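Both complexes below contain subunit A, partnered by subunit B and then by subunit C.
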Partner chain A sequence: MSTVESRLLTGGEAVAHALCQIQPDVVPVYPITPQTPIIQTFSSLVADGAAHTEIVNVESEHSAMSAAIGAALAGARTATATSSQGLALMAEVVYIAASMRAPLTMAVGNRALSGPINIHCDHSDSMLVRDSGVVQLFAENAQEAYDLMVMAPRIAEHPAVSLPVLVCQDGFTITHAAEPVCMLEDAEVRAFVGEYRPALRSLLATESPASHGPFAMPDYYFEFRRAQAAALEAAAEVIAGVADDFASLAGRANHGVEPYRLDGAETVLIALGSTAGTVKDVIDELREDGERTGLLKIRSFRPFPAQAVRELAGGARHVVVLDRADSPGGAPPLAADVAFALADCDATLRSHVYGLGGRDLHPEAIRQIFHGVAPRYVGVRGEPCPV
Partner chain B sequence: MSRLKTLVEKRHGVDPLRGGHALCQGCGIPMVVRVVLGTITRPTVVVNATGCLEVATTRFPTTAWNVPWVHVAFENAAAVASGIEAAQRALVRRESLPSVDDVAIVVFAGDGGTYDIGMQALSGALERGHRFLFVCYDNEAYMNTGVQRSGATPFAADTTTSPVGLESFGKAQKRKDMTAIAVAHHVPYVAQAASTYWHDLSLKVERAAAADGAAFVNVLTDCPLGWGHEPHLAPHVIAAAVETRFWPLYDVVDGRYRLTYEPLHPLPVERWLEGQKRFAHLLRPENARLVEVIQQNVDRDWAELRRRCGDDEKGALS
Partner chain C sequence: MPQLTEWSELPLAGAMAPGDAVQPVTGGWRTAGRPVTHLSSCVNCLLCWLYCPDSAIVLDGTTFAGIDYDFCKGCALCVEVCPVEALSMEPEDGA
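And now, the complex of A and B:
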């Protein structure tokens, strides 16, 4: 186990240091708040020679993901980073990266989508690429952001997966807040991620040429999509294996779900990201009050750990899902997945949307949610007004 | 200097682009691809924007390509090439590749993927100076989707989205000068060429492939379907574009313009218009004024090009 002492780092800095230790070959990237501290920190590490990476300062996020695909398929270990509108702009190419099975990693500083334009956290950007076929891992704090970033290349590059892996951290709440972070030694990270051995034939292998990204009509398109879905399903087991290895190395577990005080819980709250930390504090207080409640934190949103959700929350009386994104006119994304996972269970399901555009979720609001007295949209003022 | 015989010789025993693809009879694109890939002697990776070439050569599970080939989307071919070039440099640094010069990177995109939706990614890649060659096969409209007007469609052309009608003479705007836009990026090599002038094109590709940085070659490429002419007349139609000075052949080396072909007896612009259905309406008497405007535009653009070339005999490759 590593003996390195903790350093005071923001989530953005922690991920930049993880990238520096991974030393990706190519990082095409475009600035956007609140991702920018990641690429700024990483750029200065590269400028000082701490990492040897080709940073390509592209002219848009669309080109960032496009260049990342080109680099990954040319046999380079590749990473990028983005937020919000950047993820929205590159969404077209995120889908294609997954379908081309480009094994790359992307740090996401989650931020609300326009409009109105806003720079603070919610998960609507990640949810926009929910169905793209990429792996999406959510961090609760800077430490997890670092840990998941170190784990990400092994998941992305596993031959059974070969997909983009997004490591998501809440904008500002994690990206810009300094916390003690335990880093591994550089050599430990290098050994953990290992050499990049591309599963696909490289574009630079001119003696054995391959065509990447062909045109597939109704006679083959469906098979492509099914194979891609199977790869994402296979990622669940790969994530578990990589998390086991990481736990042996670092002493910290980062599996697809984290159960918190679920023993005998009659009410189970389910959440993604930094809110899980606040919910844990509230659960401690509620437990002291004699309430039988716990949290099921989802780290791996895609692939969604439906079986674990069923096993850990299916026996509860009440399941309460907190979504930091909305699906106007339908079920919020996390609630929809949980509902599908618990379809055969007896638990009642409540769904709340909170924290859009960076609005705080206070402990008192979480207590109201637990007691069933919170509105569906938590923390919003007044009644909706007409245009 | 390449000869036609060496251009069509097989590389490593195989054609880089084999027959059996689904491009139309008379289409100029495969000829452009063969001249470009036949000229470059190094192993080559091809990046293809969405369009006729991509759709017609890679219907899964078949492919017409015997060189590494990648297609991601319509607007981002230059960005994909940027990533490949960055990977090349990174792999050379960690000694997984011997040299960045071992493999040439060539992009093929139509005018839509170059002038319009692809221009941002192209501009970024040119400005960053990646070592790659971007070849635009410019057939002056969105042919793959059924002949819609693009930024490359000439003034007064009839397309399905600039149709001639009772109150319309076709496209109301001039085409954009994409070659000059590329020049404005201060890249070492930019050229304008035409599909059937294979010798001129091959010389330009030689220079482009030797450039220390990004290179852009804009190739007027016939489309019998969209232009409305018999497939076998393609060489005559392209020749008319060049001989009327509608499409001058020139290159720009480190910012210095040079004509590579000068029509000795320039033809009136009607010779270019008359062979194509998309211009048929212009030959009606009531549209004589439009033809005058087109001729004036051609004359003015030619004078401007001569000015950029230094407007003396040394400017021409004679």
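And now, the complex of A and C:
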């Protein structure tokens, strides 16, 4: 391990530096808040000669992902970035990228979907492409955003996976907040990601031409989708292996789940993203008061680590799921996955929706959530926690 | 390639060499009859072969030889462009 000293970086800058070290060949991208600092920082680095990347200034996110598919399948290591409405506009092509098994990476600055229009964090944009067949990893802070971005190409390009990998960080809370970040040396990152060797033969391999993205009717569409499901299942093991290798290199573990103080925990909270950091502080306080609470942080939302959730949280008395996205009229997405994972367990399950459109979740509200006295929608006007 | 028996036999992303796709038979899409040939009138101009959007006109060398009903979608373009009424649209059960 030979990490350089930590630098003060926002999550957006940290991911841009990771991309610069990875040196993708092609980055087709369109700016959108709060992703813009990622591509702005990265573009500056490329303009200064720090990376050889061809940045393609496309006219929309739909075009960004379309160009990214072409580049990735032509034999170029490819990355892009987006947020919110950009991801919504791109969604159609995200499904196609997954189906065409394009091994590209994408940094996402999570932001609420319109309407009403808003620029702050929630996870509704990621949830819009939940079922597209891409890998989605969620960072808790700028350090994890950097680490996961460095890990992403290895996961995306593994022949058993060959899928887009989204590295998600909370808009503003992570993308724009400066924290100390330990970066690896450029040469270490380059050696870690290695050469781009996609599992698919190149679109430009004229000596062995291939058709990509074929038409599949009722007789074969289902088989394509089943193969994608198998790739996501395989991704879980690949993520574990890449996380092991990364831990050996950097001394920081970034596996699919992170258990925090689960020893003897009666109440286990499950969450994605930056909120996990606040929850850890609250747990430390509650533990000092003798309350047996713990956190199971989900880094890999897709593939969903159902077995780890069952093993680590299934024995608790209460499991509480925090969703930063709603599914009006139904179960919020993370709660639905946890409920499916814990179907045979005795734990009672509570689901809360919080933080929509960037609403803060304060430590006091997390204490009330642990104590089972918070309303289902935490922090919304008109539904206060009892004091 | 032959019809697959298991999903796991699908090549990665369904990417395949030219001509290696499993061809779905699209003749069943016809809804308004089928073109029928009258070879005695044919002058072998091959306009039908040029216009057919489904490559369903069968040639024997460079001579018109009929229609591949597995792929003819019944658009009737061939009947429209034929200068000598060597093709006509007929009900499916009348052919």
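In this text, the second predicted complex is superposed on the first by the 381 of 387 C-alpha atoms of A that agree within 3 Å, B and C clash if a C-alpha of one lies under 4 Å from a C-alpha of the other, contacts with A are read in each partner's own complex, and residues count from 1 in each chain.
Quick note on the criterion: contacts are C-beta pairs under 8 Å (C-beta built on N, C-alpha and C of every residue); 3 or more make two chains touch, one makes a residue touch a chain.
Everything numeric in this text was worked out from a predicted model, so none of it was measured.
Novice: Once the two structures are overlaid on subunit A, check if subunit B and subunit C clash or fit side by side.
Specialist: They clash: once the shared chain is superposed, the two partners overlap in space.
Novice: Would you sort A:M100 into first (subunit B), second (subunit C), both or neither based on which partner it touches?
Specialist: It touches subunit B and subunit C both.
Novice: Quick one: is A:V26 in contact with subunit B, with subunit C, with both, or with neither? Answer first, second, both or neither.
Specialist: first
Novice: Looking only at subunit A, is it subunit B or subunit C that touches more of its residues?
Specialist: The partner making contact with more of subunit A's residues is B.
Novice: Mind working out whether A:L166 is in touch with subunit B, subunit C, both or neither, as first, second, both or neither?
Specialist: neither
Novice: Determine, under the contact definition given at the top, whether A:M183 touches first (subunit B), second (subunit C), both, or neither.
Specialist: neither
Novice: Classify the contacts of A:A236 with the two partner chains as first (subunit B alone), second (subunit C alone), both, or neither.
Specialist: In the superposition, A:A236 contacts neither subunit B nor subunit C.
Novice: Please indicate which partner A:E92 is in contact with in the superposed arrangement: first for subunit B, second for subunit C, both, or neither.
Specialist: first
Novice: Figure out whether A:L9 sits in contact with subunit B (first) or subunit C (second), or with both, or with neither.
Specialist: In the superposition, A:L9 contacts neither subunit B nor subunit C.
Novice: Which of the two partners, first being subunit B and second being subunit C, lies in contact with A:A227: first, second, both, or neither?
Specialist: second
Novice: Looking at the overlay, what does A:S211 touch: subunit B (first), subunit C (second), both, or neither?
Specialist: Touch partners of A:S211: subunit B and subunit C.
Novice: Once the structures are lined up on chain A, find the stretch of subunit B hitting subunit C; candidates are 225-233, 243-251 or 297-305.
Specialist: Answer for the clashing stretch of subunit B: 225-233.
Novice: Residues of subunit A that sit at the subunit B interface in one complex and at the subunit C interface in the other, please.
Specialist: Touching subunit B and subunit C on subunit A: residues 100, 209-217, 220, 224.
Novice: Considering the complex alone, what residue numbers of subunit A touch subunit C?
Specialist: Residues 99-101, 159, 162, 199-201, 208-217, 219-220, 222-224, 226-227, 230 of subunit A touch subunit C in their complex.
Novice: Using the touch rule from the top, collect the residues of subunit A that touch subunit B in their complex.
Specialist: Touching subunit B: residues 25-26, 28, 52-54, 56-60, 62-64, 66-76, 78, 92-93, 96, 100, 202-207, 209-217, 220, 224 of subunit A.
Novice: So in the complex, which bits of subunit B are touching subunit A?
Specialist: 12, 43-45, 47, 54-55, 58-61, 63, 65-73, 75-76, 78-84, 86-91, 93-94, 96-97, 103, 120-121, 123-124, 127-128
Novice: What does subunit C use to touch subunit A in their complex?
Specialist: Its residues touching subunit A are 4, 7-8, 10, 12-18, 20-22, 24.
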